[in-house]
Amino acid sequence: MRRASEHALMSRAGTASDAYAPGDTVALFIPCFIDVLFPSVGKAVVSIFERLGVNLDYPAEQTCCGQPAFNGGHRKEALELAARFGDVFEEYKWIVVPSGSCGAMAKRFYSTLDPGSKGATVGARVYDLATFLVDVLGTVDVGARFPHSVTMLDGCHGRRELGCTDAARRLLKAVGDIDYRELPAIEECCGFGGLFSVKFEALSTSMGSAKCANATATGAEYLVSGDSSCLMHVGGMLDHRGSNLKTVHLAEVLASR
Amino acid sequence: MTIHFDRKQVHDDLQSPSAPAILDSSMRRAVEHKHDAQALIAWDELRERAHEIKAYSIEHLDELLVRFESEFTARGGRVLWAQTADEAASHFLDVCRTHGARSVVKGKSMVSEELELNARLTAAGIEPVETDLGEYIVQLAGERPTHIIAPAIHMSRQDVGSLFERKLKVEYTDDPEALSEIARLRLRQRYLDAGVGMTGANFGIAETGTVVVVENEGNGGLSSQAPPVQIVVMGIEKVIPTLDDLTLFLQLLARSATGQKMSTYVHHFLGAVDRRAMYSIFVDAGRTALLADPVARESLYCIRCGACLNVCPIYRRVGGGAYGWVYPGPIGSVITPSMVGVDDAGELPFASTLCGACSAECPVKIDLPHLLVHQRSRSVDEGAASSPLENAAVSSWARAMSSSRGYSFAVLAARVGGAVSSMLPWISPTARAWSKQRSMPKVASMTFKDWWRER
Amino acid sequence: MTDDSGRARFLARVAAALGRKEGEFARAAPIPPAVGASTPDEETARDVSALAKRFRDELALVSGETVFVPDPSGVDAEIERIVRSRGLGPMESDMKKADYAVLRAEALIADTGTALVIERTAERRLAPYLPRTCIVVADSHTLFPTMSSASLAALHAAARRGEKGEAVLITGPSRTADIEKTLVLGAHGPRHLIVIVSGIVFSEEVVR
């Protein structure tokens, strides 16, 4: 049985057997929905790594990590996609993803799904962007400038499975001219939950509503998150209400000059 | 009985001005208090030990049950075995009849809800009397408890005041202290007149055949000790090995349930003193189904503290009624499919975002989101929750995702579909559900893959 | 109410669920030692004065009261004083009639304000619950810092010896928060809980 809190601690300590050596190649894992709906997030990740002088590669045959199937109880389909992930990323030592939930799928749930498989072994090498920058590269200040007030929304998988909240917060606070404001009730789920967002629409939007209210109450101009799925949901609600509060991915803030 | 996560109730609850506010603010307070209490001890280490003790207990359950029986019997008690809810109720009625009981005073017991004991007793002409204040209120109202620890949490003080005025013919008051006093006085003589007293049990100690009941009100002590006959109804998973193991759980239980350092009473019933009789009814009623499932087995570690309910953003919004059966909240969504059947449990395990707040709080570290996903996959495998249409859709989606060409085609379909959906949102129920309160994301004119290829 | 075949079926089902044949119990693996079991070191350094203060403070948090008397011989007088000042009726052995009950604690646990009481007879079984006021008497040498095998020794011994009756850990007067989570004292059990600890003197405390 996995213990999420333990894993969170382990991941903060860095589970890679070797340290990152300058010149090591980092493979980009760009989640399917970011590829299709929010490509600017992927571009921002590239921009950050280029600024830091990190060698990048993007295995273009990647598709989807399989989380929607896994969460929906469709194990067979999830296994297929986990296996494919293992094949696509097999040769890479470092894999970085700008998403806590997809990161958790690969890093934690592949080994639940199919322990000891190639997917699980390769998936274990996945890092969410924030943890990779802070714990692996040892960088908190990535040379960004974002002269706005922000508050941070914390994706649940990233928070509980990967323990990346502190890293994300530190990165944000180190951004030039940023005015960081803590989100009240940050630990409470925004209500996205994948298909939950449409299957249980009233609950989903009730939870999202609370998140909108808390975010708005900070008076921040931007709501930042390491998870585009949460932003899509909360941002969608804010937009629908004509709110002035804008959403932006952590990578986009860190890429800003 | 098919359980649908009650959407109408969810809808009503989200509209109701008072109920979600009560639930939400009191849940928050409970969680805050608890974190204060926990800060003072090595909380995580205790949870880890508790998990290990429970794991041992469940893996050795057969042996521990026999040991408990032997010790309990040696101290003058009698153990009865009930494989089904029906058998348990029958045993209970047999004991009542043997001892000529005409009324039964009851301490809080979720298990007795599973047995629908009150209905069985009433049908047999024996009066069940709920004594826990929340249960008393809920019984008076003809409703079902909605929370493991606080059965009437969904009712406001005004609700209770009106209820007492109506049913007990007393002058209206909504002062909680006055209302409690009314209940106390009403129940006093009932304890002393009852032929049988029953409670559930928080723990059964195999080493010494000791029954442990934890409570705050004193009604558990009175229900157990006032009548000449005491019946303890216990799910088999309650048995733990030794008294030293219990010490650890006592520290956990109070801190998880309400944030107090200790519940007011921790009763250890050692054995019935002269001229009194003590029975222990062990109940299976679907627990062996959980036991037989190596993944779901972990849910039997549950000590019924209610911590997962207090922190669940969904439970906070809808309360216990929406869950359709005895056990609400995350633990309820996990055990119900195995205990009542995957078909009947319906969409219950799907009504969650898998946020993990529950397992982070669980004092015995049950990985509830993992178990929810497990129940979802059982549901899919047995064709219960997902329609053939959904299965076909997932299947073809997965096929598309398993090749670059399939992926590109899917992106194209999304462009077309997205365009159509935004013009005619009613065409797709998914799009419609999304766009009720959220603007639709748009497929980018140039995907990341496109951009990378061209840079 | 013979239950032998029911019992056999029941246990067979449990064993089968665990992948075993009935009667073929798991090899008796050693039961993991409990965290609750305290090491000898924990119990030797006991600052009784500090424990007493802690006990009083913790009990106060749950609306219980603590009184200290310097000597066990003063306990009866203290009980009389309490009874008089609160207008309680005469001492009754019939708990149904009694305004108050006097219980003896085997141990007092400081970090939760808990008293361990063991009642072994039919006559006394309702003493902790029925009367509205509950007076618990203990000597300061029964103060322990925390719940452990040392502090719960009397309970463990009684259970292991096969004694009957009830051992109860009492922490404050009875309470409920079942109505809107508003705390109400004196639910079904006692409304008042007073612990008299003898054999302790505080320099800054007013000793009665």
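Labels for the chains are A, B and C, by order of writing; each one numbers its residues from 1.
To be clear about the criterion, a residue touches a chain if its C-beta (ideal position, glycine included) is under 8 Å from a C-beta of that chain, and two chains touch if they have at least 3 such contacts.
Worth saying up front: this structure is predicted, and the values here are computed from it rather than measured.
Colleague: Give the label of the chain whose average Cα location is farthest from that of chain C.
Modeller: It is A.
Colleague: Which pairing of chains gives the most C-beta pairs in contact?
Modeller: B-C
Colleague: Hey, how far is the Cα centre of chain A from the one of chain C, in Å?
Modeller: Computed value for the inter-centroid distance: 50 Å.
Colleague: Measure off the straight-line distance from the CA centroid of chain A to the CA centroid of chain B, and report it in whole Å.
Modeller: 32
Colleague: Could you please state the distance in Å, as a whole number, between where the Cα atoms of chain B are centred and where those of chain C are centred?
Modeller: For chain B versus chain C, the centre distance works out to 28 Å.
Colleague: Residues of chain A that contact two or more other chains, please.
Modeller: Residues of chain A never touch two or more of the other chains.
Colleague: Going by the contact rule already set, what residues in chain B reach two or more other chains?
Modeller: Within chain B, no residue contacts more than one other chain.
Colleague: Contact residues on chain C for chain B in the complex?
Modeller: 1, 3, 6-7, 9-11, 13-18, 20, 22, 25-26, 28-29, 31-37, 58, 61-62, 96, 111-114, 120-122, 125-126, 128-130, 147-149, 152, 155-156, 158-160, 162-182, 184, 186-190
Colleague: Touching residues of chain A toward chain B in the complex: what are they?
Modeller: Chain A residues touching chain B: 1-5, 30, 32, 34-39, 42-43, 46, 58, 60-61, 63-64, 66, 68-77, 80-81, 84, 112, 156-157, 159-161, 187-189, 191-209, 232-233, 236-237, 239-240.
Colleague: Note which residues of chain B are touching chain A in the complex, please.
Modeller: Answer in residue numbers: 5, 7, 10-11, 14, 44, 48, 298, 313-314, 317-318, 347, 350-357, 359-360, 365, 367, 370, 373, 375-381, 385-386, 391, 394-395, 397-398, 401-404, 406-407, 411, 414, 429-430, 433-434, 436-444, 446-453.
Colleague: Which positions of chain B touch chain C when the two form their complex?
Modeller: Interface residues on the chain B side: 22, 26, 29-30, 45-46, 49, 52-53, 56, 59-63, 65-66, 74-76, 80-83, 87, 91, 94-95, 98, 131-134, 137, 150-153, 155-157, 160, 176-177, 179-181, 184, 187, 192, 205, 207-208, 210, 216-219, 221-222, 224-226, 236, 241-248, 250-251, 258, 260-276, 282, 284, 288-289, 291-292.
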